[in-house]
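For clarity, chains are labelled A, B, C, D and E in written order, and residue numbers in each chain start from 1.
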Amino acid sequence: MTPLLTVENLRVSFPTRTGMVEAVRGVNFTLGRERLGIVGESGSGKSQTGRAIMGLTPKHANITADRLAFGEADLLKMQASERRRLRGKKIAMILQDPKYSLNPVMPIGRQIMETLKTHEKVSRSEAKARALAMLEAVQIRDPERVFNLYPHEVSGGMGQRIMIAMMLVCGPELLIADEPTSALDVTVQLEVLAILDKLVVERGMGLVFISHDLRLVSSFCDRVLVMYAGRVVEELAASRLSEAQHPYTRGLLNCLPKIEGDRHPLPVLERQAEWKL
Amino acid sequence: MALMETKIEARRSGARASALIFSLLRFLLTVVTTYLGLLAVTFFIGRVVPIDPALAIVGDRAPAHVVERVREELGLNLPLYEQFVIYIRQALTGDFGTSVLTTNPVMTDIRRVFPATIELATVGTLIGAFFGVPLGVLAAVKRGSFADQIVRIIGLIGYSVPIFWLGLLALVLFYAKLKWVAYPGRVDIVYEYSFTPVTGFFLLDSAMQRQWDVFRDVFRHIILPGALLGYFSLAYISRMTRSFMLNELSQEYIVAARAKGLSETRIIWFHALRNAAVPLITVIALSYAGLLEGSVLTETIFSWPGLGLYITNSLQNADMNAVLGGTIIIGSVFIAINILSDVLYRILDPRTRSR
Amino acid sequence: MTANDMTAKPTLRQWLLSDRPQSRRQARLGRLYVIWRQFSANRLAVLGLGIIIALLLVAVFADVLAPHSPIQGDLRGARLLPPGSGGYLLGTDDQGRDILSRLIHGSRLTLFVVVLVAIIAAPIGLIVGTVSGYAGGWVDGVLMRTTDIFLAFPKLVLALALVAALGPGIENAVLAIAITSWPPYARIARAETMTFRNSDYISAVRLMGASPMRIVFFHIMPLCISSLIVRVTLDMAGIILTAAGLGFLGLGAQPPLPEWGAMIASGRRFILDQWWVAGMPGFAILVVSLGFNLLGDGLRDALDPKEAGQ
Amino acid sequence: VTPADTLVEGFAFDDIITLDPGEAFELSTAEVTANTYSKLVNLDMNDTSKVVGELADSWTISDDGLTYTFKLKPGLKFASGNPITAEDVAFSFERAVKLDKSPAFLLTQFGLTGDNITEKAKAADETTFVLTVDKAYAPSFVLNVLTSTVASVVDKKLVMENAKPVTPTDEYKYDTDFGNEYLKTGYAGSGPFKIREWRANEVVVLERNDNFFGEKPKLARVIYRHMKESSGQRLALENGDIDVARNLEPGDLDAVTKKEGIATTSAPKGTLYYFSLNQKNEKLAKPEVIEAFKYLVDYDAIGETLIKGIGSIHQTFLPAGQLGALEDKPYKLDVAKAKELLAKAGLADGFTVTMDVRNNQPVTGIAENVQQTLAQAGIKLEIIPGDGKQTLTKYRARQHDIYIGQWGSDYFDPNSNAETFTFNPDNSDEGKNKTLAWRNAWDPKDLTVKTQAALLEKDSAKRAAIYEDLQKQVLATGPFVMLFQQIEVAGYSDKLKGFKLGPSFDTNFVYTVSKD
Amino acid sequence: MTASALSIRNMVVTFDEFRALDTVSLEIPVGESFGIVGESGSGKSTLLRAVAGLNRFESGSLEVNGRAYSGWRRDHEFYRTVQMVFQDPYGSLHPRQTVDRLLLEPLAIHGFTDTEVRIERALDEVGLGSGFRFRFSHQLSGGQRQRIAIARALILEPKILLLDEPTSALDASIQAEILNLLEQARRDRGLTFVMVSHDLAVISHMCERLAVMKSGKVVETLSVEQLRRHDVATDYTRKLMVASEGFVRHEA
C-alpha cells in the first residue's frame, strides 16, 4: 500500500541579502494513516517542512525534493491550480495562532462555508448545515450562535476549534497541525488535543503534528521526528522516547524541569557543531 | 470553559452601555471644543487682518465719512471681547453675517456654492478611488515588479506636481487645442436658463430631469477639473492601498486562506482587500476632505463657482464674513467627514462594533 | 593604491556589517550602513537623493552658475524670448529676465522655505505628539483638541488668511505654512507614542526610575524620529507646493524674488503663446518635489522594514 | 457656442458690491447701471464735451446759475410699467442724498443735504423737475455730474413698496432704508435692459426691457460672465464660448487680433495709472528726489510692452478727452540725470523705499520694471504686494512709502481729477478731505485755491486754462509720477454688429449690439 | 517570623470596571522565591505590574521592605530595590538601542559613575562576553535577549526581582539555561523572587511556595512540597497539575 505522504530529500532555501539560507536540508519521511509528531527547537525548520508540503512557502523560496508525493500524486510536478484544489480538500493545515489565522472581518460561519464552497458544489443551506455539524463536532456548544460571531468575539480555545472545523469540513485525508495549541492555556490545550485526536481516530486521517514540546508530542503521537537545523536527526516511536539515541534528543529530554524532580542546576544542552552536518 | 466565555460576554455588554455614553459625551465635547477653537481662530484672524472691513462694504472710492460711519455700524469700535461674544453668539446660530460681496447672508451663499464644490470633489474622489484602489492592489500583489514601479511613479508624480500648473496645461491641451472639454464654469450659458437645478448637483439634477443634453454638457465641464482632482486623490489612494494591502497580505489569515485552497483572486480581492478597506475608508474620507479644500486652486483655474473660489474671492475683497463663514463650514465638514469615516470604520470593522 | 583599495573595501564592509561591533561608533555606523544599503538598492530613491543634492549644489553656487542677473531684465530687447534664442537657454519672461538664472536663484528660496518649515514644524509636532501620547489624560486632551482645531482648518485657506493677516512675504509664508503643518506630525508622533507607551521596553525604563521627561526625550522620541523624517521628507514636496500656491496667489515671495510659484503665477498669463514662462518653473517644482518624494519614499522603505517587507 | 439672441461677455466684475445706483460707485456697476437705468441727461456719444437729454426733453438754467429746471419727455415708463414722473426724479435725488453712500458726495457737493433736499430737488409738476444748487457753478460741471450713475432715476413706487423700516439713529435719521436692501440685488429702472440676476463673481444677466421708451435692443439677453483671467477670456472667446472678451492683456490682445473671426475695438478711458510718493517720508519729500523718480521710469519700454494696446503713456493728471487736458510728456528714462538729482539731494548712495502694489496686471509688471530702473540709480525698491483692499487701507491711512495705483474720474469733468490731485485744505492726519494729495501728505499750497476757483469759472476756455496750469505744476513738482492712461480694449466675435466701447464705463452700452 | 520583603494586602486593580485583581493578599519573606501560576488572563501579570507601579491599584496596601507605596507613585529607593524581567524578550528591549546603551540607562538615571566596570561585569554575569556589548537587539537571539534583560534588571543590584514568565517564549533547552542563570543570581545575591509562570514544573523547580490564581483571585497558596505530594486544596489546581502531565488518551 502506498503511504499517504512521501517526502524524500526535501529542501527549502531562501535567498537573503547574506546569501541563501537553507531552512530545510533534506528531510525524509513517509506517513500513513497515523499521528506523526515533529519536534525541534525554534528555527529548526519544522514549519517550513509543513508549509512546503502544503505549498504555502513564500514565492521567492526554492523548494526541491527527490520526491514529494501525496498518495500517487507528485505535488511538485502538478499545476498550481491542481495543487490548490488539493489544499483544504485532501490536505489541510492548522496554524498556530487562532487570533491571527481567522479573517477578522468575516463571520466565523462564512469562513467555514467558504472552504466547503471552494471545493464542493453545495447549496447555501447544505453548506450551512455541514458547517454547523462541523462546529458541533469540535464540541462548540452553541453552534448557531457561534456561526454568526466574528473571530474577535470568541476565546482562544474556541478560535482554535473553529480553525479545526474550518480545515476539516471537507474531510481531508491529511492534516498538518503546526503548533496548534501553543498559544493556548494548558488546560484548554488538552481539550483541543482531545478533539483533534478524536477526529483523527474517527476519520482515519493522517496527521502531522508539529510542536516544540517533546513531552506533549510523545504523549499524543504514534511516531516522533526530531529535527535540528533543517534535518531530521532522529525518528522514534513515541513509546520509546526514553531510548532516544541522538544526544540532542537526549539533551532536550533532560533539560526539562519536572514537578517531582529536584535537580539544581538543570542540565543544559551543549550544542555540537557536528549535529548540523 | 463555558463559564469563562459567558463572563467575558457579560463584561463586554456591561462595559458597552457605559462606554457608549462616555464616547458620545467625549465626541460631543470634541466637536464643541473644536468648533469653538475654529471660531476663536477665525475671529482672531478676522480682526488682525490689516484690511479695513468697512472698505469692503463701501468700495474703493467711498469718501472718508462714509467709511467712518460704516465702521461704527459694524461694531468695530466696540471692545474686542464684546465683538467676540457677539461673533460667537451669531455663529452658533449659523449666522455668519452678510457677505458684503454678494449682499446675501453668508449661509445662503454657501448653500448655493457648496454643492458645486461637493460635486467636484465627489467626482474627483470617485475617479481617484475607482482607479487608485485597483492600482494599489496591483502594486502590492506584484510588489517590486515593473508594474509596481509604474504605479509608484504615477503616484509620486501626483504628489509632486503643482495642481495649478497641471490644470493650466490640461486646459490648454484639452480645451484650447483638442476642444474635448468645456470651460468655464459648470454648465454652458445656453443651458443656464433652460435648466433649473434642484439639489445643486448638476449631474444628478440633469439626470433626474432626463435632460441628457444638459447632462452631457455638465459632464464635459466637470470632467477635466474632476479628473485633475481625481489624479491627486488617485496618487494618495493608490499608495495607501498598496501599503495596507502589503500589510494584510503578510498576515497569517492569508496563509490560512491559502491553506483552505482559495484562489489567489479571492484571497486578494475578497479577504485582503476587505480588511484593507477598513483603514482605506479613512484614507478615502481624508482625501475627500482634502479635495474639498484643495479645490481652492482648481476652482480658480477652472472658474468653478464653488466654495473655494468663493473664499478666495472674498479674501481678495476683504469680505471677512464670507471668508470666515466659508472657513468654518469647511472646518465643520472636515469634522463631519472625520466622524463619518469613524462611523464607517466601525461598520466595516466588526472588532470595533462591540466596543 | 588600488591593491590597497581592493583589500580595504571588503574589510570595511565587513567591519560595518559585523554582527558583533566593538564600539559605539561601529555599531552606529553599521546601522547607518545597513540603512544606506537598503536605501541605495532602490534606484528611484537614489535618483531622488541625486536631485536634492543637485538642488543643494545649485543653491550654493547660484552666483557662479547663473548666466544672467535674475533680477535685471531687458524689457525692451529680450521680452518673452523662446528657449534657446538670444543666449537664453530657457527663454525670458515678461520683464525680459533670463528664466534659467531665475530658476537657479529660486532654488535658494525653495530650500529656504522647506528647511525653515521643517525645522519649525517638525520639532513642534514631535514634542506635542510625544508629550501628549505619553502623558495621556487631560494633557493629551488639551493638546489633541488644539491639534484637532488646526487640523480641522482648511490648510491652504488658513495659510491664506494668516498671510493676509501677517502681510505677504516669504518669511510670513513660511510661518503660515509651518503653523498649518505641524498638526499631522503631532498626530503621527502621538499615534506612535501610544503604541510604544505600554510596551515592555518603555515599562522597563520606567522601572529604572526614569523621569517622564527622560522617557519621552531619550526613549520615545528616537523611535518616532524615523517615521517623522520620512513624513517630513515626503511633506517637503507638499510644502514646496503650498509655498508655490501662495506665491501663485500672490501672497508668497515678493517680486523681484524668483520664487517658482510666483514665477508660474506671472507666467500664467502667457501660457497660451509663451508656454515656457510658466512651464519652466512648474517643471522645476515638479522635479524638485519629485526628488523629495522619491527620497522620502526610499527612506521609508529603508527606515521602516515593515513597509519594505523582508 | 452662444445663443443667437444672447450676448455673452467675459468680464472681470469682481468689484461689484451692490447694484443700487444710489450706493454703487464701482466701474463695473457703472456699466450695468448705464445699460439698465436712465438719467435726466447723458454725455453726447459723438462729442463728449457736450451733454444731451435722456429723460429730460430740455432744461433751463436761471441767470444766477443756481436753479436748473428740467422738462421730462412725455409718456415715459419704467420697466415695471409705472409712469416716470418728476416725482420719481426728485425721489431718486432724495434717496441718494439721504442714504449718503459712497457716491452721494457727487450730489451733496452742490449743497444738497438730507435736511434741505426735498426743497432743493423737487417736482414742480408731473413733468418738471427743479434742482437748486448752492453756488453758481460752471453749468458744464453740474451737468457733467448729473450724467453720473448716482443720478439714475428709480421707480419710486416699486422701491417704496420694497423698502424696509429701520430704527433711526444719530447717524441715520430716517425710518426707512429707501429700498436700499432691495435694490442691492434688485432693479427698479427704465433703461433698455432690466437686470434679471446678479451673482457676485459669477454672472450678471440683463434682459430686454419691453417698456423702454427708446429704440428697443435687438438682443433679448445680455450675460456678463465673470472671468478674471485674460488668458481664460481669450480661450473662451477663441472657442466661441463667449462673444466678447473685455479684459485682454497685451499678449492675448495681439493673439486674438490675428485670429480669424475675431475683431477688436478700443476706447480711451478716464482712468490714469500713477505712482505717488508719500511726503511724510523725508527722503521722498525732497523736490530733487521727486523729480528723479520721474526720470527713473522707462516710459517707452513699458509703453511698447506691458501696456501695449491697453494704455498710452500719459504724464498729466487729466485724461485725454477732458476739458483742458494736456498731452505734455517731458519725462524719459534718464538715469544719469536722476543720479545727478539724487546727488544734489544728498542721496548719491541711494536708499531703500517700499512700494505697495496690488497684485494685478499691468500694475505689478510696471512695478517690477520700475524696481529695476530705480536700482540703476541706487534706489532699492521693495515691493509689498497685497490685494486691493489691503493696499488701499494702508494708502488711506497714509502709511505707505510709494503707492502705485489708478485713479478713475468720478464723473466726466476735469474737476474730478483736479480736486483729488491738487486739493488739500488740511494736510493734518485729521484732514477731512481725503484726496490723493492728502493721502500722500502733499500740501499743494495755492493750488487748492485755484482748484476751487476753476469750479466757479463759467467761461470754458478760462476754466481750461486754469486746469492746464494745474497740470503743469503737478507735472513739475507734484509727488505723482503719472504713467499712462487706460485704453479699454475688447476682443469680440465678428458676428456681433454694433459693438462699441464708450469713453467711460457708464457709456459702455450694449443695447446697440445685434448678432448675425 | 522573618521580615517581609513584599507585603500585599487586599490589592484591587480595575480596568474600566473590570476587576483584573480582586483583593489579592500575599506575604513574601525576604530571600524567598515565590511562584504564581494560573491560566491566561487570571491577573498574574497585572499583579506584578501593580507592584512595580506600572498599573495603578485602587485599594489595598503594598509594602516593600517595610516601606509603603500606593497608586503608581514609586521613589528611587523602590527602583533600587525592585526590578522586573518581562515575558517577551523581543518586546522588552528598546529596538534602537545597543546593549551598551540599554545597560547604561539605569546607571545614568541613578547617577553611577563606574559605568564601564559595571556594564562589563553585568554582561559577564549573564554569560555574555563583552562581544555583545555593542549589538542591537535584533542582532541577538531570544535567549540572549532575555539574558540582557536580566543583566539590566540586576545592574542596579535590586533585592527583589519580579519575573513575568521569563522563559515562556523560549525553547526548552534555552529555558534551562535561563532558569539556571536566575538561580545562580539568586544564590549569589540573596534575592527575593516573585515568579509568574503557567508551567507548574518551572515553578516547582524554581520556587519554595506558590500561589494559584484564577479570575483575579488567589485561590490557593501552597508550598512546593505540598504540590509534589499532590496535597492540593482546590479542583482548579488539580486540573492544572493534570494538564502539565502531558496528553492522556482516553481509550474508548
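The definition used in the following text is that a residue touches a chain if its C-beta (ideal position, glycine included) is under 8 Å from a C-beta of that chain, and two chains touch if they have at least 3 such contacts.
Everything quoted here is computed from the prediction, not taken from an experiment.
Chemist: Count the C-beta pairs in contact for B-D and for C-D, then report the pair with the higher count.
Modeler: B-D
Chemist: Which chain has its C-alpha centre closest to the mean of all protein C-alpha atoms shown?
Modeler: Answer for the innermost chain: B.
Chemist: CA centre of chain C versus CA centre of chain D: separation in Å?
Modeler: 48
Chemist: With centres defined as the mean C-alpha position, give me the chain B-chain C separation in Å.
Modeler: 25
Chemist: So, what's the distance in Å between the C-alpha centres of chain E and chain B?
Modeler: A distance of 52 Å separates the two centres.
Chemist: Report the inter-centroid distance (CA atoms only) between chain A and chain E in whole Å.
Modeler: Each chain's C-alpha centroid was found; their separation is 32 Å.
Chemist: For chain B, write out the residues touching at least two other chains, lowest number first.
Modeler: As it turns out, chain B has residues touching two or more other chains at 50-51, 172, 176, 315.
Chemist: At least two partner chains per residue is the criterion; list those residues in chain C.
Modeler: Answer for chain C, listing residues that touch two or more other chains: 164, 167, 268, 271-272.
Chemist: Scan chain A for residues touching two or more other chains and write them down.
Modeler: As it turns out, chain A has residues touching two or more other chains at 188.
Chemist: Please output the residues of chain A touching chain E within their complex, sorted ascending.
Modeler: 41-42, 156, 185-190, 193-194, 197, 212-216, 218-220, 251-252, 255-261, 264-269
Chemist: Under the definition above, what is the set of chain D residues touching chain C in their complex?
Modeler: Interface residues on the chain D side: 229-231, 234-235, 249, 251-252, 255, 298, 300-302, 304-306, 359, 361, 364-365, 367-369, 371-372, 375, 382-387, 390.
Chemist: Once bound in the complex, which stretches of chain A touch chain B?
Modeler: Chain A residues touching chain B: 54, 56, 84-89, 92-93, 95, 97, 100-107, 114-115, 118-119, 141, 150, 152-155, 157-158, 163, 166-167, 188, 191.
Chemist: Considering the complex alone, what residue numbers of chain C touch chain D?
Modeler: 71-73, 75-76, 79-80, 94-95, 164, 167-169, 250-251, 254-256, 266, 268-274
Chemist: For chain B, which residues count as touching chain D in their complex?
Modeler: 50-52, 55-67, 69, 72-73, 99-104, 109, 112, 171-172, 175-176, 179, 182-185, 188-190, 192-193, 303, 305, 309-310, 313, 315-318
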